[in-house]
Each structure stands twice: as structure tokens, then as C-alpha cells.
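For clarity, chains are labelled A, B, C and D in written order, and residue numbers in each chain start from 1.
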Amino acid sequence: MEINGVEVEDTFAEGFPIKVARVLITAVTERWALVAAREATGFGTSVIGCPAEAGIECVVGRDETPDGRPGVYIQICNMNYKNLENSLLYRIGQCVLTAPTTAVFNGLPEAEKQFDTGKKLKFFGDGFQQERMYCDRGVCVIPVMSGDFVVEEHIGAVDGIAGGNFYIMGQNQASALMAAEAAVGAIDRIRGVITPFPGGVVASGSKVGSRYKFLMASTNERFCPTLRGEGICTLPEDINASYEVVINGMDREAIEEAIRVGIKAACTVPGVVKISAGNFEGKLGPHHFHLREILG
Amino acid sequence: MEINGVEVEDTFAEGFPIKVARVLITAVTERWALVAAREATGFGTSVIGCPAEAGIECVVGRDETPDGRPGVYIQICNMNYKNLENSLLYRIGQCVLTAPTTAVFNGLPEAEKQFDTGKKLKFFGDGFQQERMYCDRGVCVIPVMSGDFVVEEHIGAVDGIAGGNFYIMGQNQASALMAAEAAVGAIDRIRGVITPFPGGVVASGSKVGSRYKFLMASTNERFCPTLRGEGICTLPEDINASYEVVINGMDREAIEEAIRVGIKAACTVPGVVKISAGNFEGKLGPHHFHLREILG
Amino acid sequence: MEINGVEVEDTFAEGFPIKVARVLITAVTERWALVAAREATGFGTSVIGCPAEAGIECVVGRDETPDGRPGVYIQICNMNYKNLENSLLYRIGQCVLTAPTTAVFNGLPEAEKQFDTGKKLKFFGDGFQQERMYCDRGVCVIPVMSGDFVVEEHIGAVDGIAGGNFYIMGQNQASALMAAEAAVGAIDRIRGVITPFPGGVVASGSKVGSRYKFLMASTNERFCPTLRGEGICTLPEDINASYEVVINGMDREAIEEAIRVGIKAACTVPGVVKISAGNFEGKLGPHHFHLREILG
Amino acid sequence: MEINGVEVEDTFAEGFPIKVARVLITAVTERWALVAAREATGFGTSVIGCPAEAGIECVVGRDETPDGRPGVYIQICNMNYKNLENSLLYRIGQCVLTAPTTAVFNGLPEAEKQFDTGKKLKFFGDGFQQERMYCDRGVCVIPVMSGDFVVEEHIGAVDGIAGGNFYIMGQNQASALMAAEAAVGAIDRIRGVITPFPGGVVASGSKVGSRYKFLMASTNERFCPTLRGEGICTLPEDINASYEVVINGMDREAIEEAIRVGIKAACTVPGVVKISAGNFEGKLGPHHFHLREILG
């Protein structure tokens, strides 16, 4: 299978279950909503070493937010609900409550699982907080030095999927990276997904396990072009750099759509040689995304 | 004391000791160095609820980096060296090693305290890593899918100061916030300091302690304009919003300079009424920054 | 009439007829499409002193462009079709043909008026150009040093409207400007319109004519707060700065929608006192936009 | 001669004399100064088809501006002083006077040639303008709706050089473009120069003249990779895309420094094959920049 002359390998991406909370941050301008969203989702690439996986899902206009201000949906992901509750408390409390002009709304009001994050954060008001209805949502209002901070009482979460992915293999670093940037730009327009790594891109795709017992993941040497001379890397001669795009999302359909538009975007960039995906022969998780089926 | 007609209150900011590591991230372009730096310093506003305090110190040109590529200095701060070592390992390992085209160098090679962060991260190479001299630095080279990742063996740290601050009190939210943005922009040009909050600004300045035993910090009600009607807020009528700029740094001089240029910048913005600072009557820390002395 | 406590004056904005061409620029990433679009629409605020009025209408995804790459629609406006044809030739030829990875498509393929801009630009190919069908469009392909530049043969234009506007009057510069930024952000999401001034905002709203014969427009002294002491400015005491948002567009409906969402967005910002609009008692043009009717 | 394994051809760039005016724009924040600077320098790539060549030289801190606010230096270039005077009047009058919170200062107060741009723009004040000293500069103060607009009476200009350049030839578009971005980023740090094309990069390097009498410049077919099959393009097989960086500046030294740092930066990017430069055998201009001398 080829797209614009780029070979798509007959393989699959292997994802795993994760819990996903979704938060809507509004602010006086889109710029300030993004400032808060970036701080709240930082240090959030992989649960292997970060306290959560997190990212910006999308920016929405005033017609899609309860308070008629610009908004940014973020997703925060943890392996279990207990850690996720902590992530919400600390990331919202430290990075959004403190950010200029922001308010926080429930990004999944219909979900079965609901955390009472706002009801816990309200104690920052030290007795001066209030609970009330605002824009048809039950909110807590916390007086702060710059005015009032509004946070919805509950934040919803669902069983989602982490680790959807594909590899972009290029003639050189620049072509693979430009293609990755194009892919992430296309995925940014898909609702329901995030690309939690820096700029949406992974420069150091890994395999499960390592020769060191203390390491759960290590470099995937078969794909490392600088190990070609030693016969460890088995890449063809025309591939000199690969980037991985990793996708988390609220459901399988959104991740499939993200893989589809991401790969198509990558294949518009000259110098891309091949598309592949990362799997661990089923050792990592039950969610398999077969590239050719998704693109077919 | 007045600057451009803005009153500077005769008070002081109260800072506290913290351990500060400094990391230099380089990349193929300034844009990609910043992508890595933002991810690595996110979720890093306050050690009350974040795993570290972190921020971008400055961008540097090719003539100031070992590998002749554009660079970004970041600072990562924790209350003790044990936590700081973990912060370095996880923030660099998860957010910079994974970022496209980056390399990591020691931002404080002369410091007495040195962590062997690079020597620990190298095991990600799963046996294919190498130690060697590169650009006059002892580095570890880890083969990854996009090429080689270079990380210096050691990262230095010093006894620094957190919590330097000042308050910008305005006629309304917009004037106080525009002044805060101006102040943070001025501070961005000072070496040795970071402003760890979102966009460098705190919307919810706090006091130490609260009526709830489980809360170490809570809203500073005396400065909350929406509590004015109830007599709790004692602000004059012409102040309707305040923002705080919080500054961490490697030494007292850098923080003093940041306070000086920050306040001067804030006072160029129409609608700013007063400058003050946050202190806790000496309960929080030994580092006192008297505004009028610094500005005098 | 009030919105969020902000008075909307019972007045109207006065627009005038203009010719509007619409161009779709695509590129390898949204970022590069925007680089070209900004260069091509610069020095384009008002036909009083610029060779055209021009601006970015919107960014579109890959599903809305002929070549499946990210796109930016720009509008270029002149008082007559002869000048507009020149604007298209020079702005596309100098600012988009020269920009990395771009292609140019007709943004109004259904319009009656069509310029053969691509057919003229093709001569840059010095005999090596080709005409062919590409993505269902008739295009010219010009070989350049970085590959091939594709430009559609024709670019369409329509009779549009310039000078739609409203004034945002604030307690101080910062509140009026933050509100203007919020308004422009809301208008950015409306198809069919541009806000041609810097950042979408006019700091120096004008009246028609002046005491000097050589000047067609001059400062609108009645609205100049620094002339208040002299009795020339008749603004109430609580208004200390006004910004104007000027809107051009392809038809009346789009401009009305832009005025509506823009004013609503401005009225979410604390410190905004009043909304008004600029008209010249019918001397300037036949298109009158009555604010209260539009908002009603 | 090689840099990082990239061949630097033994050739020269050919520049030509141009008149360069330099303007300092200040604003409440760096962001707003840049908004004005971008509008004022847009549609300004080449005097072949633009009313001027223009670009942003550098951003400066508050310690380098007369009014203690952040500043941006721009350069505007025309073939003679008459056109340059018009460019200044219209670009400042339409794009900076209209921009929020800006002021304009003379960027070359020591130059022999001085335009009385401010003294002409002041008439926009319709009789309410004032001339006075401000920050040690003779300025005109024009009351506008958002406050007062300050413009220095004179703007200086010098005999400068246009058309300094080098070519970056890459394995594919992505590597050549990433290298061009790296080069432009390095040049951004050099005082005295601008890179007037979109993003600093030219995708369509030209030769002087063409087979069509009405065209002064046309595609440089020998460097067009898509003409390789026809024997017209004589590039080696491993070069598939070239980008040109064009540099204007106030003097020869600044342009030499820009070429030096730009080429060095380009040569840090994998996939760059060769560096060359554009000349026209002396037909275009007297300023020759020999690459190997400059780099030696």
C-alpha cells in the first residue's frame, strides 16, 4: 500500500487502556486560555516518568463555551482513577486557578465517572467561596486577588486509550520532522484526541523492556540509524531518521481518525520514505490499530 | 515613593531558600528548543502542589552554546537535592530526550553540586550508549530513532531563592494584566531568574495557612476586590484587580534586578494604581526584598 | 441597550463599496502558509495610503483545500478592478511565489469576475512553465529552485464592502485594547471578513476631511481623551481610550455577523464602558450598519 | 572548502546599492510592537514588484529605547530617497500610527540624511498636534482616540546594500528549508541587517532578465530540480531543492557577518549538501561577497 509514493507497512500500532479526564479552560482571550492550558498539560508526555499524560485537544470559539469566552479543551490521563483525581486537583489548582482570567468547566458532563474537583479546590477560598449556578452549570466561586475564579463542581472522565501511534521514516531528520509537524497539525483538528509528547512528536521511540532490570522501556535499536554500521539497525539505506507521533484519546474512533489524517498529512511531505507503527507483539495492550485497515 | 505617578508601597517581598538546577537545551532551531523547554518546565508553578518549580530563563544564540545551535536555559527548583535529582531525571528523560533534535548541556558547570543525570539517563540506550567528549564536554550519546541524543554527564545546581515577588494593583483586570505582561517581558531579559507561574503571572496571590488544617496556603482575602462589599477587602476604591509576579533565581542580585525592571515596566502602563509585595511577616523565609531600597 | 452592563450607542457604522479578491494559499504546514499570507497582506490597512487593503480571512484544514495541505484564505481589496488586478499580480508574485512550499488557488471560483493572474505570473517560468489540470483546477506550474510553484490560472473577485466598524470605549487603554483583542479573536472565526488594520485594531480612528486641504482624513478630535481639558473632546469622564475595529468583507451578512460577535466579545471584558461606531453622516458610503438592529 | 561536511562553492553573492531608513517602534509590550512592525514591513520583499523592501531588524529591551518601553527596529529600503520618503510616510502613517500603543523614534539619529517624516505626519492631528521635547528627542504629539501618538520629527537614512545572499542546497525541500530557518534565526541576532523575504527565505531564486522583454527577472532554470530530466538543470543528483536567503543591510560589515553566521547555522542541519550564492556576473551591482573569504 502506497500514499503519494510512500510505502505504508502492513503493521499495527498497539495502544493500552487509560483513564481520560477532559477539562474546558476559558479566558478573556484565546491567548490566555492557551497559556493556562500549556502550563497545566506540561511535564505530561508518558506515565512512565511523568505524573500524568496530558495535552491540548482543541481550541473552541465562544459559541461552544458556557461563559461565551474562548476556550481550550485539555485531556489529562492516568492509569487509574485515584491518580487521575490527584492530577486534576494539582494541575487545575496550581496551573489554572493561578492563571490570569481563567475559568474551568467540565469537559465531559455526560460521563458516568465524575470527580468533585471543584468542590475540593473551593477551600482555597478560605471560607469566602460560594457554590452557585452559573451559565447552567453548578460552580464554585473563589475570590482571588484579580477577581473571582469560577470552577465547575465536577469534572468527568472516561475509559480511553493511550499509545495510538505511527512512525514517519524519512530520508533525513528534516523531512521526517517536517512530516511529523504536518501530521500533528492535521491531528490538532480532530476532536477527542491529544498528542502528549513535545510538539506532538517523539524523537526516541522505545521498545518494552531493556537489558537493565530497572528500566521498563528503552531505545528501539532496530530503528536507530546510527547503529546501522554495526548491523543492529536493519533499516534500508534510504531511511536516516524516524519520528513517532503518539495519540491518546477518548475512544477508538477518534484515534483511528487521527491516525488516518496524520499519515495522509505526513505523506504530502517530500523526503518521507515509509510509514510504520510501534507494537510490542501484544505485550503492551489490547488496542490494535492496523494501519492499512484504517487507511483503506 | 512614586514611579510615573504609581505609588510603590513601603513593604517587602519575602522569599525562601530553594535548590536550583540549570539546564541548557539546544536544538536545530530556537523554535524546537522552546518546544522542549516548555514541556520540560510545565506543571511547575509552586512546590505546594507541583513536583517542582520550573521555567524558562532565557534564549541564547549559537555563540553561547557548546554545539553552536540555538539554546534555551531552563531552571528546575525543589526544596531539597533528592527531589531535585528526581525532577531532573524525569523532566529531561521524558520531555527533552523525547523532543525532536535536542541536546542537553550542563547549565552550571562551575557549581559545586553536580548531579550525574546524563550518566543515569544513558541506560535508555540499552547498551548501545557511549560516553565521550563532545564540544569540550563529557557527554553520553544515546542512539534514538531520529539520530543520536547527546546529554552532558552532569547537571549542576546551587542554593537559590524562590518566592521573590511584587503585586501590580490596577484600576481593572486589563490594566493590571497588561502591566504584568510588560513586567514579565522585562524580566525575561534578565539572566539568572525565572517566573514559574502561567505566563509569569499569578492571578490568585495567597497567604500562608488557612482556616482549614489541610491547606498550607489560601486566598489572600484582604486583596480580593469582590469581597470589598463585606468589609473583608480593605483595598481603596480605585483598585479592582491585582496580579502578582513571582520570581525564582540563582542568587539575590538577579532577583533584585528582576524586581527592579519588572516594577519599572509595570509602571509604564496606564491604569496601574499601586505596586506592593507579598510577605508573611517573616514566617515564610529569610530573604526579604524591600521594594523602595531596590528601586531607590 | 446594554450588553453585560456596557451601553451600546444607538448609531451606525458607515461602510463603502470595494472590490474584493480572495486567494487560497496552501503550504506544507499551516505555519508556512501563514508566513506567506502575512507578507502578502502587509502594508494593507487602508486605501488612503496603502496600495490595497488586505488581511487574513481564515485558516482551513486539509479537507477544504484542493491539494490536501493546510490553507489560509486572504482577501485583497481595491477601489476598482484595475488596481485590484495589479495588487494580485504583485502581492502573489512577490510574496507568495517567493515563499517556501506554497501553492495558490482561486478563493472565489464561482465569481463572475475572474482575473487571469496565474496566466500572467507564469512567465516567471521563462518558457519552462506548463499549464495543466491539478486537483481539478486549471493551474500554471512554474519550476523554481525549491521545486515547482503551482498557481491557479484565475483568481475571482466580487463587489464587497469596506469600512464596517465599531468603537470600543474603555476606562483605560488596557481594557479597551484587551476588549479589541477579544473582539478580533471572535471575528477571526467568521468566514468572509477580514480586519485589515494591525492586529485587527485601529488606535487612531479618523473623521472624513480636515482643516488641511491635502488631507482626506484626520483625527476625530471629539473622541480624543487628551483633548478633554480643552473642551474639544466631549467624552464622559469614565472613558479614557477608544479603539476601533474595522471590518471588510465579501457581503453585508458576513460583516453584520462580524460586528455582532465582535461587540459581544468586547463586552465580556471588565473596564469596557461603551460601544459606538464611526459614521460620516452618509458622506462616505451607502452601507449603514445600525448596531442595535444587528445586536437585537 | 567544507563546513560540517557541506561544500561551500567558490563563488560570490552580488549586491546592489539601496537607500535604507531605520525606524524604532516602541509599544506597551513587545507583542504589540511586533504587530505594528509586521504590518509596516509587509508587502516588502523586492523593489521589482513591491513599493519597498522592508523587514524587522531586531527586538530591543527597555534599556535601549528613549521611552523605556520594548522596541523593534525596522528597515525600509528604496532605490532612491524620493521613493524612500514616500515609503516612510505611508508605512508609518498607515501601519504604525494606526497600531495600538505605539510610538515612533528615529533609528538613525546620527545619519546625515534626515527625512522630516514626523513633521509631515503631524497634520493628521488636524491642528491639535504639538511639537515638543520628549525623552530627549524632538517629537510631534498627535492626539488620537486611544491617547497620544508620539512620532519623532526626523527619521534618518543611509546608503546601504541590498541583495546580499547565499543558497542552501539540500537533499530535499525539508532539509534545505529547515536549514534556511536555522540561518534566518542566526541572522536575526545580527544588528544592522534584515531578511526581507517571507520568513527570511526565497523559494524562487531568480536570474536577471528573461526571454520575455517585459520581465526584468525570471526563474533560474539551471537550479530548478524539476527541469533535471530535460538537461536544463545541471545540479548533481543529490540536490533536490535550494532556498536562498537574501540580506539587506546598512553596511558591508553587517551583511558579511550575516552571511557568515547564516551559512554556519545552515551547515548544522543534516541533509544540507552544498552552499552557493547568486550573482549575475557583475551585471547587477558592485557589491561582491565572496563566500570563502567571508567564512575563512
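Some observations on this one:
The criterion applied here is as follows: a contact is a pair of C-beta atoms (placed from the backbone, for glycine too) under 8 Å apart; a residue touches a chain by one contact, two chains touch by 3 or more.
Computed from a prediction, not measured in an experiment: that's the story for all the values here.
Of all the chains, the one whose CA centre sits at the greatest distance from that of chain B is C. Put simply, the C-alpha centre of chain A and that of chain C have 35 angstrom between them. Centre-to-centre, using mean CA coordinates, chain A is 39 Å away from chain D. In chain A, the residues that touch at least two other chains are 28, 147, 173-174, 177-178, 240-241, 269-270. Chain contacts in this assembly form a complete graph, since each chain touches every other chain. Chain D makes touch with chain A in their complex at residues 170-175, 177-179, 240-241, 269-271.
Within the complex, the chain A residues that touch chain B are 28, 32, 35-36, 38-46, 48-51, 54, 89-91, 93-102, 123-128, 142-149, 167, 173-174, 176-177, 180, 197-199, 201-206, 210-212, 214-215, 217-221, 223-227, 232, 240-244.
Note for the complex: chain A touches chain C at residues 28-31, 61-62, 67-70, 147, 178, 181-182, 185-186, 189, 261, 264-265, 268-270.
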